[in-house]
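Structure provided below as structure tokens; questions to follow.
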Amino acid sequence: MSILNLFIIIPILTVGAILLTRDLKHSRLVSAIGMGVQMILSFVLVYLYLTERAAGNTATMLFTYDALWFPTLNIHYALGVDGISVAMIALTGIVVFAGIFASWKMTHLPREFFISLIILASGVFGFFISIDLFTMFLFYELAVIPMYLLIGIWGSGPKEYSAMKLTLMLMAGSALLLVGLLGIYFFSSPDPHALTFNLMEISKVRIPIHMQRFLFPFTFVGFGILGALFPFHTWSPDGHASAPTAVSMLHAGVLMKLGGYGAFRVAIFLMPEAAHEQAWIFLILTAISVVYGAFSAIVQTDLKYINAYSSVSHCGLVLFAVLMMNQTAMNGAIVQMISHGLMTALFFALIGMIYGRTHTRLINEMGGLMKVIPFLGVVYVIAGLASLGLPGFSGFVAEMIIFIGAFQHVDVFHRVITIVAASSIVITAVYILRVVGILLMGPIKNDHFLHLDDAKWYERISTISLVLAITAIGLAPYWLTNMIDYSLAPIVEKLAAIQLTSLF
Amino acid sequence: MIQNIPLSYFLTISTLMFFLGIYGFLTRRNLITMLMSVELILNSVNINFVAFNKYLYPQQLQGHFFILIIIAVAAAEAAVAIAIIINIYRNFKSIDVENVDEMKY
Amino acid sequence: MADFTYTLLIPLIPFFTFLLLGLAGHKMKPIMAGLIGTSGLGASAILAYSAAISYFWTGHSAGTPYTSIKAFEIPWLHLTDKLTIHLGVLIDPISVMMLVVITTVSLMVHIYSIGYMKGDTGFSRFFSFLSLFSFSMLGLVLATNIFQMYIFWELVGVSSFLLIGYYYYEKPSAVAASKKAFIVTRFADLGFLIGILMLSFNTGTFDFQTLTDPHGPAIAQAGGAAFMGLSLLTWSLIFIFVGGAGKSAMFPFHIWLPDAMEGPTPVSALIHAATMVVAGVYLVARLFPVFALGAPDALYVVAWIGGFSSLFAAVIACTQTDIKRVLAFSTMSQIGYMMLALGVSGYGGEEGLGFMASNFHLFTHAMFKALLFLGAGAVIHAVHSNEIGDMGNLRKFLPVTHITFLIACLTIAGIPPFSGFFSKDEILVAAFHSNKLLFAIEYLVAGLTAFYMFRLYYGIFWGKNTHYHHTPHEAPKVMTIPLMILAFGSVFAGFLPFHDLVTSDGKGFESAIDWFVAIPSVLIGVVGIVIATILYKKESAMPDRIAGSLKYLHRWAHRKFYIDEVYLFVTRKIIFRYISVPIAWFDRHIVDGTMNGIAGMTVYAAYAVKGLQSGKLHQYAFVFVSGAVILVLIFVYLV
Amino acid sequence: MLNEVMFYLFALVILVFSVMTVITRRILRAAVYLLFVLVSTAGLYFMLSYNFLAAVQLTVYAGGIVVLVIFSILLTSHLSERAAMASMKESLLSALATVAGAALTLMTILRYGFTPNQGADPHYTITDVGTALVSYKRDGYALPFEVVSILLLAAMIGAIVVAKKERTLKK
């Protein structure tokens, strides 16, 4: 029995325990304990992974577990992790833990809220540990669907509209994805009786190039919709604006990462030739995402919209880096996913906390908050600086790896487009400083704000845990990038080999 | 005895009867007359069975039993249909199908 | 050779005081926080001095060239097989010189701030930011590779942002200024980043020692035009210089510097006069062998940008009325000098005179400009205003400030034997030997400098008898002592044998004052001073008349040649109104509209189909029968 | 000869009264015309010497269902009432569809050459039919018989339940 099973079992047990509770106090305590254990477990996993590697285990996937659960189609419940998934799991653990504390005062239907939240989280965990495409897809859907309830019931503003829009667009993505995955399945083996969904086995097979050309766009766009690929990103501003705090955190923090992770783990890994051929189209789209999201964020007035567009920009950078298809850029993509996950979760947590105090999210109605809520103000500035890529925080590390990696590409087009994407760092600075200037500095615009309380202990836990993670990566990125690098090597080797054969 | 009457004559009768039943079903607005149209349709089918049995497979009895069963079903259907019609009449004070459109959309 | 590993502590001590003050500062007594910050910096300063002494003198055998030593290095981030970002400490003449400059000025500013910021609500915050800045700046100069430099470059930028915006509670203008400073330099940093990307792509290394090795790959690969007649190396260096120009407030990135004066005056002295703004000069000096040997075209750009900026800023400085802004433009002008000196320099021996002169001027400028700013701070402290019109006749009230300020003014005007004379003279000599036009410009600027500095001096300490609400009084000891120390430095720094210590290739060379250049330069300085004395020593209407006769020039110079307006036009009008707003509109209405349109069409189609489900039995039956007939027709007769 | 005359007579009656059934506006008359159609159909069965079937047709259809129909007509409408018919347009459309269908079907039937079985024509007695109906051996129909019995039972119960007045409404 692999340790990975625990990542599914603990959420199930937690949900079961929440069912037994009666009110907010108990259910949040149970959730916090359950997700705390989950977070610790994810750190333990990182530790175990590193010791295993240090001990000389060179298998691509560690802690594998395989159980056949639908023999007719050869569907397995197959688990396994490499350095990349381990990192993503640690990210998820932290964000979910912080999310529980960010919704400490969820008075409306608390039990149902926490149950949905944890189901969402378990979907994400399941996605990252699966190496069977079908199981992966199943967990993916499991993560997307509670979103509808979470926004539709606990949201704010035009929540029904947003929930519907978000769910429908993501479902459209799933539909494309399903076509892609089934296509991969049917070409997963030359022998029609030995078809498999297992990622590692498919990766040994060369899917016929004409099928790759057809299936790659489906798979990539399917994941790309979740990763806010232009022009399929519009669910993101509306969805995030309406979602409750913890949901925004989880969604922008980890769920959007499923897109980037899947795009690289499934689309590019399994169909490298088509990826190589079609990358330029998607590179243009993602470069547009990066710049366009940043420009859009400049003129927004709602804090959540600003952050949602900033997410479009940053997640665009993830897909951008993935498409560069060299080791450094891909490494940067993974670090950027983790970094953006932490930063954006921190942002949404702070926005939720500020909104809970001022009852407005429009920056023009606020001002001078640094004076009254210094803790939240300082953390907001830290989050902002991290987001605009200040050294010492994770954002800088990620962006620099991406830019340097992308710029090593032999092709001039790729280098030019890297410069276009790099220009976003200036625009990011503009919108971040605009918000910080209006929101936190200057005079206080509303007398009511003079009596706001600063952060409570649970809010401090939520924010500090995220800030710590951001600075830890920012100050000592070496261990993280090394862990990722090791696991990228087989993927990159495969890419390199195939590019040679297809180009010449 | 029937040598001078070809099978197709029976079939022609049954066809005409069948489509007359359909015509009635389409144009009638009264549930009971619609039910009668359905009886016509069933009856035309019976004629077919009989004719085929007689002309093509005279040694066998399938046609017989089909008709028996159809008649039984027709009777059951008529009974249930009339029960429903009476119930509708009670609820809507009418047995005109135009008025019975609660189920739409 | 001495072991320099301990120099690692020089940046780390401020870092720890930053952490301490940042996390626990608000729980301390203000004076406690001030003492912690100051003593931390003091420790760094002592280490820096001992490092300098041991590097230049005690640990160095006379006659051998100064080499660069990697005192410490750890890998920080592995990128590709070739590229790894290291963090480390590089000891060579310019970095050691910068250590001395930074720790000295920073220590003075720390001491001064204890008096200047007394009673301020954010006292401990101020000191933690100062520590952060000192840490970043020290890290910058000690960088072993260009990427480490970029890292600290950004950190310096953000600490500057935090310190300019320090008065964010009260002053919206400070918030705007900090934002402007950050964004403008960030824009320039993009150039720096692109330059780094290109450079690392071409050379496969970040490391300074490898890059600047005269026989190394970077310089060896220099040849060949790649784009618009310039080689890739040239382009990458030009981009890198864009970053340097941004930090050093060279035209056209200078616009943030005058606005940055919204910050507290000690901050202006430390960051915007002595240390951070010379980072651009340091950057070019750091990569100087690459510039000089690999890409002389890029160096040509540096020289002209520097020369133009110095003239441009000097003209504007003559018309400004805010004393800190005068000093800000003066700083820009002096940095222009340094850039120019680098630009006209060659590599090695006497050829490298400009390089030496630039660093020499950097050193002396740090002393006297910090002194000027701190003196201005003392004045502002006394009269609570920045406007020259609110001052006058202060020499009686502020004797110490007056004397030290006068010394600084004489120094910057290039009057012997003050240090400014020596360093400026070297620059003029270097320019004279390289490019006569640039020499002429610098010669003019020297006169202008003397003029506007003494205009300022007389405006503050002489001139009209202003009536003050309450009598201005001299600043406390804690503020005047740093003034005196810096005045001492300004007077005597000129006697340091820079031509032996800081040279482009580490080897010393003989340098003597070229009287052919020096005497005219002193003369033009004196002329400037005399004109200023005539115009401003006594209150008179003459300056206004002259301004009136030079109407347009004066107005243009006073409005800083409308560069700010151009920037505002570009940012507000073009970027905000013609890019961002349309993009946001496009996103909401076209992209999202398409998505909503698809949803709407689905609903519309549903309504259309809904009509078929009429609930009318006959309709269903009719459709069924017709359908059956048609199907039979098709399958039996047509297919 | 007589057979032929009888056949054409029955055929004529069936067609004429079928038409009458579907076009008359008086419901009760329609029921009576239907009765004639059903009786003529029984006549055809007799002619084909399927006596048992003819008897069942007469008793169940003519005797049972038509009576049921007439009762329900009397229950739900007045004798003077004229049944509502479809509009002219609908009638024409329906006619078109049915005529087309009939034409198509007739064309198919008439063009197909049926080859009648020329073998001996054994006369089954009612006994044969009855034996086969309850036989569970090969060619026995015990199972369908049982199924139909259950269906009838269910229909009977269903009819009662549906037609029964709802007590809850009364209360």
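As written, the chains take the letters A, B, C and D, and residue 1 is the first residue of each chain.
In this section, a contact is a pair of C-beta atoms (placed from the backbone, for glycine too) under 8 Å apart; a residue touches a chain by one contact, two chains touch by 3 or more.
On a predicted model such as this, the values are computed, not experimentally measured, just so you know.
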| item | value |
| --- | --- |
| Pair sharing more residue contacts (C-beta pairs) when B-D is set against B-C | B-D |
| Gap in Å, rounded to a whole number, between the CA centres of chain D and chain B | 5 |
| Whole-Å gap between the CA centroids of chain A and chain B | 65 |
| Separation of chain A from chain D, taking each centre as the mean of its C-alpha atoms, in whole Å | 70 |
| Distance from the mean Cα position of chain C to that of chain B, given in whole angstrom | 98 |
| Chain C residues counted as touching two or more neighbouring chains | 618, 622, 625 |
| Contacts with two or more other chains, residues of chain D listed in rising order | 86, 90, 94, 97-98, 101, 105 |
| Per-residue multi-chain contacts in chain A, two or more chains | none |
| Pairs of chains satisfying the touch condition | A-C, B-C, B-D, C-D |
| Partner chain B, residues of chain C touching it in the complex | 610, 613-618, 621-622, 625 |
| In the complex, chain B residues that touch chain C | 22, 25-27, 29, 97-98, 100-105 |
| Partner chain C, residues of chain D touching it in the complex | 86, 90, 93-94, 97-98, 100-101, 104-105, 108 |
| Chain B-touching residues of chain D, taken from the complex the two chains share | 3-4, 7, 11, 14-15, 18-19, 21-23, 27, 30-31, 34, 37-38, 41, 44-45, 47-50, 52-53, 56-57, 60-61, 64-65, 68-69, 72-73, 75-77, 83-86, 90-91, 94-95, 97-99, 101-102, 105-106, 109-110, 114, 116-117, 119-122, 124, 128-129, 132-133, 139, 141, 144, 148, 151-152, 154-156, 158-163, 165 |
| Complex interface listing, chain B residues touching chain D | 1-2, 4-13, 15-24, 26-30, 32-33, 35-37, 39-40, 43, 46-47, 50-51, 54-59, 61, 64-65, 67-69, 71-80, 82-87, 89-90, 95-96, 98 |
